[in-house]
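The following pair of complexes shares a single chain, chain A, combined with chain B in the former and chain C in the latter.
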Partner chain A sequence: MTNTTKIPIIVVKAPIKAIRSLGSCTTAPGIFASTKLGDTSFAVRNPIDGYTFSESTRLYQEQVKELTSPPSPASLQNLPSQKSIEEQLFDATASVKIMTSRVAMHLEREWREKLFNQMDSLHDPLEWMEEDTPIEKSSFATFLKAICQIKPKNRPGLGLAHGGNLIAAWTSGSNRLTVEFLAKDRVRWIISRFRDEEPEQYVGQTVVSHFLESLQPYQPNEWFGK
Partner chain B sequence: MIKKGQSLPDDDHVLRHVPWQRLLRDGNDKVLGFLPQAFQLRDGEESLSANWLENCDGTHSNKIQQTVSELRAAIKVGPKSAFGVAQVGKVKEVCKSNNRAHIRIVLAPTKSIASHVEIKELPRDDIQLLTMLATEAFIELVHNKSIL
Partner chain C sequence: MKPLSYKQPPITEAVIEIKFVTTFDPVRLDEANKKFAKNYPQHQAVKQQLIKINLPNKEQQGSKATAQREESVGHRRSDPDVTQLLLALPSSFIVSQLAPYSGWEAFFKRFVRDWNVWKRVMGHNEIARIGVRYINRIDIPVVDNVARFEDYLNYYPHTPTSLDPVLAYAIQTENYLSNIDCKLTINSAVVEAPILDHMSFVVDQDISREFNPPQKDSEIMSLLEQIRLEKNRIFEACITDKARARFQQI
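Our next item is the complex of A and B:
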């Protein structure tokens, strides 16, 4: 990806003499700080965008902006804000189903079908809170890697954090293992157990490739059923 | 009578609406409790919203019913969502344990929700504390569909 800096270009229609004098007011290479003849409020640095223009210059700037590169209808269709919530939820579930199909050989058909049902259920428009974010693909990718690695016999219950991270929970009586799948292959887990009716918790965060290993001291078979 | 901005008594109760996505379930979608994330602040949120049961009169279940009716009229309450109920003193005790957080639970009525309370000073990302709230404080779970 290339880093680019947007520099406002201001079109000036004026006699050649005026343009020459304007050239002497250049405040940065290629930037004329004023567009209106007789306008003496030239560029002043401000901490936000570098320069402050007079009101009339700003108006020109706005008009020029409107003329340059209007968004195409096709690109408008891709803006998430243009889509209804139902469409956004459908897209989110469709994309994670496609991701799952790419590792289908590692998952039993029944497991996959159940997973799809769980995804649909999590994104049920009737239950959806508008402030929430549909499942993040990066979180789901971490989940898939974990599942393909652990191959748990017991299916987890699934949930969704506000920001779209997938959560899996395995329960055994009042004991539970809750895992939040983060972007970039990271997992955050917490075990909550009751020993002699006293609650205790163990927390960890690691990369998905070390997930099972990090659970070894806590008898992970209790959750995964192997 | 408790006024806006005042703390709730320890013996009183708070109720929090928990959407379907943040209910703890087994692999067959049977609801078992709450996920820790049910009590997590959203980005930009300064306090956790809940509702004061003792704002209503009657038995414990009457209070729940009235509070849920008030919530249903004001916000979206999904059919499969649920409500967690906790004693104010227990929520504070759990937060205080291991010196994790000194929260305040204050009445903060809105135009449409007179029973609205704010749980203030709750850490944003202390997953252990959120788990303790889910397993030790909000131990009563009421299904939305169970309330008429």
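Our next item is the complex of A and C:
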């Protein structure tokens, strides 16, 4: 297992024509140009302001702003949560559905629809226990990266660990692959299988970009169905 | 140019916005919000706060600074999948589509349906701005630790080769589209890739009529159709055949 992370770089080779200087940014209807305290960013603004858009679009806008003017430490604060359980569950499922929309072009429509059904089922208010934690967005982001790379034919069963990490399980006969998707692009996996009727277990933890590679000695297509 | 349709369009969000000169009565806005509940069952309140601070100038020494807070509430509604959004705001009506994008026809049909509901409830208010925005994210593969965006995009910054390699960028241009009397704003930037082994580049175009926007429905729809053709032409101009090939993959 290795933790080496390569930082991709990008290069410009082709000559292009000059880019015109920036014009003045329109303010209408951007009356919500800054919604963060201490945000002094005057960088790229959009005529239709991001305040009104989806989480993914707002994320893009924040990233564009951060490229040119990082947010001040004072602006990095969380608002206290006063939401009901139902509202928290709605927010959680809405967030992961919007995150899924960001990679919808890399997923089969049917796969996406069934995933949404699983997410709704996992966050059913009628079966929700007070000590449960809604899904963590960072865990779901790791899951999406893995799924878009593996493109498994077989769908996993999904569950939530304490703390809101997403758990996926693929079963083939008595053999089972269980994966916990962690924050910051990390995954933890357990393989339980039988060889000559003797149980064997293998455990690993790696970055999501090395996940598929780390499973190769265990013939993962048994679970993924490729 | 005939608009291309892709199996996997890179559109992450498409938006049509109608902005009004004055704000609507909150009671009527609530009424409109209820009318949209059938098609958009999920609801979130959108609170907007405006704080005006008046500071005394030199001639007004001794006067105190005064502050005035104005709060307005709008409505953000969505379908159960949270891919079809509608915003009913005090001074704006917005329809938005997240990926997967099923094409202009379906999106425009939904806009017309909702616009008719909006007008029935809200009545007439002078339109200040009509805007269409398409946010595209092009995922470019990283090969040998390099993402060659110039092979996929025609819209990127010109930097001296002595500054290579480029690690990230954000650019904005504004243009006047004389054929449809609209303003074009394009933002493009490197953003975090949601999939492995790729770098992502947003090409975000906004086309709007802010000066003398049409007020009649037939003229509004005609303008939106014109904008549609322009946004297709502009997007095609911003990408290369190599990018087009990626959008056809399934």
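The rule is short, and it goes like this: the second predicted complex is superposed on the first by the 145 of 226 C-alpha atoms of A that agree within 3 Å, B and C clash if a C-alpha of one lies under 4 Å from a C-alpha of the other, contacts with A are read in each partner's own complex, and residues count from 1 in each chain.
Heads up, the rule we're going with is that a residue touches a chain if its C-beta (ideal position, glycine included) is under 8 Å from a C-beta of that chain, and two chains touch if they have at least 3 such contacts.
The model shown is predicted, which means the values in this text are computed figures rather than measured ones.
After overlaying the two complexes on the shared chain, residue contacts for A:D124 are found with chain B alone; chain C is out of touch. Number of chain A residues touched is higher for C, counting chain B against chain C. Judged by the touch definition given at the top, the superposed model places A:I85 against neither chain B nor chain C. Of the two partner chains, chain B is the only one that A:G157 touches; chain C does not reach it.
Legend: residue contacts after superposition of the two complexes on their common chain; A:S209 is shown touching chain C, with no touch to chain B.
No residue of chain A is contacted both by chain B in one complex and by chain C in the other. Chain C makes touch with chain A in their complex at residues 8-10, 12-13, 15, 17, 19, 42, 46, 48, 50, 76, 78, 80-83, 85, 87, 89, 91-92, 94, 96, 98-100, 128-129, 131, 133, 135, 137, 139, 142, 145-150, 154, 156-159, 161, 164-174, 183, 185, 187, 189-192, 194-197, 199, 202, 204, 206, 208, 210, 247.
Across the complex, chain A is touched by residues 19-30, 32-33, 35-37, 40, 42-43, 76, 78-81, 127-128, 131-132, 135-136 of chain B.
The part of chain A that touches chain B in the complex is made up of residues 114, 118, 121-122, 124, 126-132, 154-163, 167, 169, 171, 174, 176, 178, 180, 188, 190, 192, 199, 201, 203.
Against chain C, in their complex, chain A makes its touches with residues 6, 8-20, 22-23, 25-26, 28-29, 31-32, 43-44, 46-48, 52-54, 56-57, 59-60, 63-64, 67-68, 90, 94, 97-99, 101-106, 109, 112-113, 116, 120, 141, 144-145, 148-149, 208-209.
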